[in-house]
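Next come the structures, one after another.
Below, chain A partners chain B and then partners chain C, in two separate complexes.
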Partner chain A sequence: MKSNKRTWLLLSPGITWILFFLVAPLIMMIYVSFWTQTTFSIKPELTVTSWVNFFSSDTYFGALLRTIRIWLTVLFVTLLVGYPVALYIGQFIKNKTLQTALLVTCVIPFWTSFLIRVLAWRPMLGKEGAINIVLQKIGIIDAPIEVLLFTELSVIIGMVQIYVVFMVGPIAFMIGRIDGSLIESARDLGASSWTIFRRIILPLSMPGVIVGAIFVTVMVLGEFATASALSGRKVNLLGNIIITQVGSLKWAFAAVAGVVLTIVMATFVAVMLRIVNLRNQL
Partner chain B sequence: MLEVKGVSKSFSGVPAVEDVSFKVEQNEYVTLLGSSGSGKSVLLRIIAGLLTPDAGVVLLNGEDVTDLPCHERRIGFVQQKYALFPHLNVFDNIAFGLRHREVDPIKNESLVKQKVSETIALVGLIGQESKMTGQISGGQKQRVSLARTLVTEPKICLLDEPLGALDANLRERMTIELQNIRSELGVSFMHVTGNEFEALAMGQNMLVMSEGRIVEQGIPQQMYATPSDLITAKSMHNFNIFSGDDLHKHMEAGTSDKLSAAKIKKAMHCAIPMDRIDIVAASAKAKGLRAEFLTSEFLGNKIIYFFKTEDGHVCEVEDHMSLRERRELTASTTYALKWKSKDILYYDENKQLLG
Partner chain C sequence: MDKVVSLRWILGIFTALFVLFLYGPFIVMGILSFQQGPEGGPQFPIIEWSSYWYQHVFGLAPPSRVAPLPIGEALIRSLTLAFATMVVSTVMGVLTAQAFRRPFKGSAVVFYSVILGMIVPGVLLGLGMVLIADQVGVARNWWSTAFVLHVVYTYPFAFLVMLAIFNRFDESVEEASLSLGVSPAKTFRKVTFPIIFPGVLSAMLFAFTLSYDEFPRTLFTGGSDVTMPIAIYGTFAVEIHPNLFAFGVLSTLFSFSLLAIYGILLTLSVRRQRQRASGLQEDIS
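Right after this comes the complex of A and B.
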């Protein structure tokens, strides 16, 4: 009984925090999404107008589809780029200090501000940017590639660069934890390097992939700054819609977009956690 | 069968294995005894193909396999900490080598099932097939690890301290089971251990390794009774070893009959079995090496008495409980320790037994 009391006492700060700053705002957001929105005011009279408008408008529903498309592309590319890096750090670097040093190197870009990191892509990707100049100088292209900046591609490039480290970290951690004797045993049992990767390393690194995917998902789905900075406001994600709606005091509409985003994120996280039981693996 | 010739391996200039040569015959149980850091695990890894030697060759049935990759050697290697795949159940762990080996994998699942089931029955794991490796005990993990190797029908099976992590009861049971399993399959086992009892009990042939070298090879009974190398004598933990300036003085004092003059002249070290020493009261007349009684250790079927000589040398005397009653000795009291001349083993300056 005493220890039960102590458990609740220890849990209470966390529970209070989550209740006030997560559960309550979430409920409020769902509630507000059903309020009646007029041009300049909002009334707590329940209606589904905002929801109907959201799903019947090409602009908003299109933004949802675009957000999902960009998110899945970024997720796939971060995994594609991040996994080999994590595999190298976790499996091929035996020295723990060097492993840590390389992981720290991955986060060096985070020593500068988010906006600088995003905006730094402009002189790289622009019509007269570094990439076009170099490609033209070495004669690979005659005219600059225009698709590099202010397009969906530039948004994807920027996001991959920013978020790939969140994929590398958890995967490298899981791969680094794989006992060398497992690899030795598999080799001794006659397995080739590819089989060892497919049958041992890959399944054992899956919790890292799941955690990395959750990190990237949560961050990319909530994104708005990279999209507006690198697309010249041409690519609107749900995050950008929320910002615009809040800016024009359309709270109900912003709440609808917020709820939709939350549902997408929660569904993805739930599915991922169904695939791998993190509690057993970590 | 397996022949290792002049194998050496260094790490950052520090030799781990130096000029090691030995043979393991077909259908033989060989034990390799060595303290930790003696290079025995490195040697095993070289044989398995997990490490490449700097010099020397490894021959398997006369064929040089030194440069053959590990997965093409068909040498089984049972790791010290079992190294079971945590994401696979017992059955899939055992079937791993059959299904996924590079050379000649078995695609027919019913054949895999049949072979795995046979091995599971052999190692006594029936009923555990679908359990995950985290749900089974240490002894069962040991069996899975062994079964996983044996099912691939290796030419020789290397076992790296296979009983090290088991409790004493289980270790004794596994000792017998390992021998039974081996004789049933007719495959050679090379068992590496730091435990002299394990090495003596299991091996038909025994190797002793120290500082990267094989110091002695032979039949366990013989090596236990008359080790031809002083390092072997030390590894057996059955001898009191006397060396240094006071060697002659100690031998003169403790030997109850006449010492071999020729041998003691050449000897630089002497070894006396712990169970061949008698303890008597240190009266003025009594012959014997004077030593102060420190303490005793009761081990069930035997008891060990610890003494300290005047120059600080610790001497152990072992009495088997079936042969005599427990002695009533008083701590901090001086006693006389004596032995017979025929029980002394003499070693020269190269630590080799004098004939």
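Right after this comes the complex of A and C.
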């Protein structure tokens, strides 16, 4: 009994903090989404007007669809780009020091300012940007590609570069943990490289893929800065909608957008957690 | 076997391209930060190499049409906020992880609730916090409403790092100390803490850098006194100039020096532990 008391005593600061500053704000957001919005304030009279407005407006419903489309694209591309890199680091580099060095190389950009990382894409992608200049010098293209900046494509490129690390890390970690003798014995038994990948490496790396997918998902769905900086405010995600609504004091409406975002995210994470128990992988 | 070798090459080249993709923008940004000023724009070609924009960041350049970056006070606020966040979240992380060393009822609920703090997007938390502050009538400030959200964000990181450390922790050392009659408080200070110190250091590094760079949570809750990332975000809306690139290079260097300090402290603590261990061995033999 005494040790039980000690446990809860140790937990109490953390739990209190989480209840007041994490759980309460989220509940408040759900609650306020049903309040009555007047021009510059909200009244605690319950209504579904804001919800109806959200789903019947092309602008906002369109933003939801766009958010989902960009999220799924970024998720797919980060997996497509990140998996081979993780495979190389985890399976083909046998030297542990070199392995760590490569992973650290991938993580280092994470330690620089997020906004600066977004901003750094502007001189890369522009009409007179680095990519166009290099491609023209090599002679691959004659005229600069203009769709690179201030389009949905530039938002996707920026997001992939920023978040792909969260895909590479967990997958490389899981692949690196695979027992080498397992693969050797499979090879001795005559399994082809493809079979080894499909039957051993892929299933054992799945927890990494899922953790990576969760990371990328929650980050991309909560995004607004990359979209506004790299699309010239042309691509509006749900996050951007929340920002503008708060800016014009439309609290109830911002809350609706927030709840919708939460539902999309929570559904995805819940499905993913059904597949893997996060706590056992630590 | 040949196929495996060629696959190794293909994947190796792919990884090299990947690293280029990660670092390309930084390299371009670094080059353009030496653009001539104040006429030179944030694009190629470089008119003439100069350190004008670096002087501009520090307010040393003669006044021109490009407004100086609103840093200074914002930087001090950000550093103070990051420091406070680091202290609180590391302490709470250690306490919570300490509690998790013994199995207890409801541990899964507590675990996921804490993790939620790093998962829930900042926009949503910021929004919820603003709604509460608005209803309760609390003023929004970087040291109050923003600070509590920063801790919600960084505390799970500290907790996870400490949990990983405690998982590999040899409890018999602690038990030996306790059974020799050393008080629990002293045991924590003299035995437990030195062992978990590398973890504490990592937790502190995470908390500090995450809070220093934190932006969506602060955007709504920070009030009128802006922190560094908010100040930078404010300059996005208007035309950008190479002074932002110079600032980017400087802040990147700042982050790296933090990493370097972390590395040095970690090496020192590992070395000291090794020396202590070998000293102990000599005492015994």
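As a working rule, the second predicted complex is superposed on the first by the 275 of 282 C-alpha atoms of A that agree within 3 Å, B and C clash if a C-alpha of one lies under 4 Å from a C-alpha of the other, contacts with A are read in each partner's own complex, and residues count from 1 in each chain.
Convention: a contact is a pair of C-beta atoms (placed from the backbone, for glycine too) under 8 Å apart; a residue touches a chain by one contact, two chains touch by 3 or more.
Being a predicted model, the structure only gives us computed values, none of them experimental.
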Which of chain B and chain C A:184 touches, first, second, both or neither: first
Which of chain B and chain C A:204 touches, first, second, both or neither: first
Which of chain B and chain C A:7 touches, first, second, both or neither: second
Comparison of chain B and chain C by chain A residues contacted: C
Which superposed partner A:106 touches (first chain B, second chain C, both, neither): second
Which of chain B and chain C A:144 touches, first, second, both or neither: neither
Chain B versus chain C as contact partner of A:81, first or second or both or neither: second
Complex contacts: residues of chain C adjacent to chain A: 3-4, 7-8, 11-12, 14-15, 18-19, 21-26, 28-29, 32, 42-44, 91-92, 95-96, 98-99, 102, 104, 108, 110-111, 113-117, 119-125, 127-132, 134-135, 148-149, 151-152, 155, 159-160, 163-164, 167, 209, 213, 215-216, 219-220, 229, 232-233, 236, 240, 244-245, 247-248, 251-252, 255-256, 258-259
Partner chain B, residues of chain A touching it in the complex: 179, 181-182, 184-192, 195, 199-200, 203-204
Parts of chain A lying in touch with chain C, wherever the complex brings them together: 3-4, 6-8, 10-11, 13-15, 17-18, 20-29, 32, 81, 84-85, 87-89, 92, 102, 105-106, 108-109, 111-117, 119-124, 126, 128-130, 133, 161, 164-165, 193, 214, 218-219, 221-225, 228-229, 239, 242-243, 246, 251, 254-255, 258, 261-262, 265, 269, 278-279, 282
Complex interface listing, chain B residues touching chain A: 45, 48-50, 70-72, 74-77, 79-81, 83, 85-87, 96-97, 100-103, 105, 148-149, 152
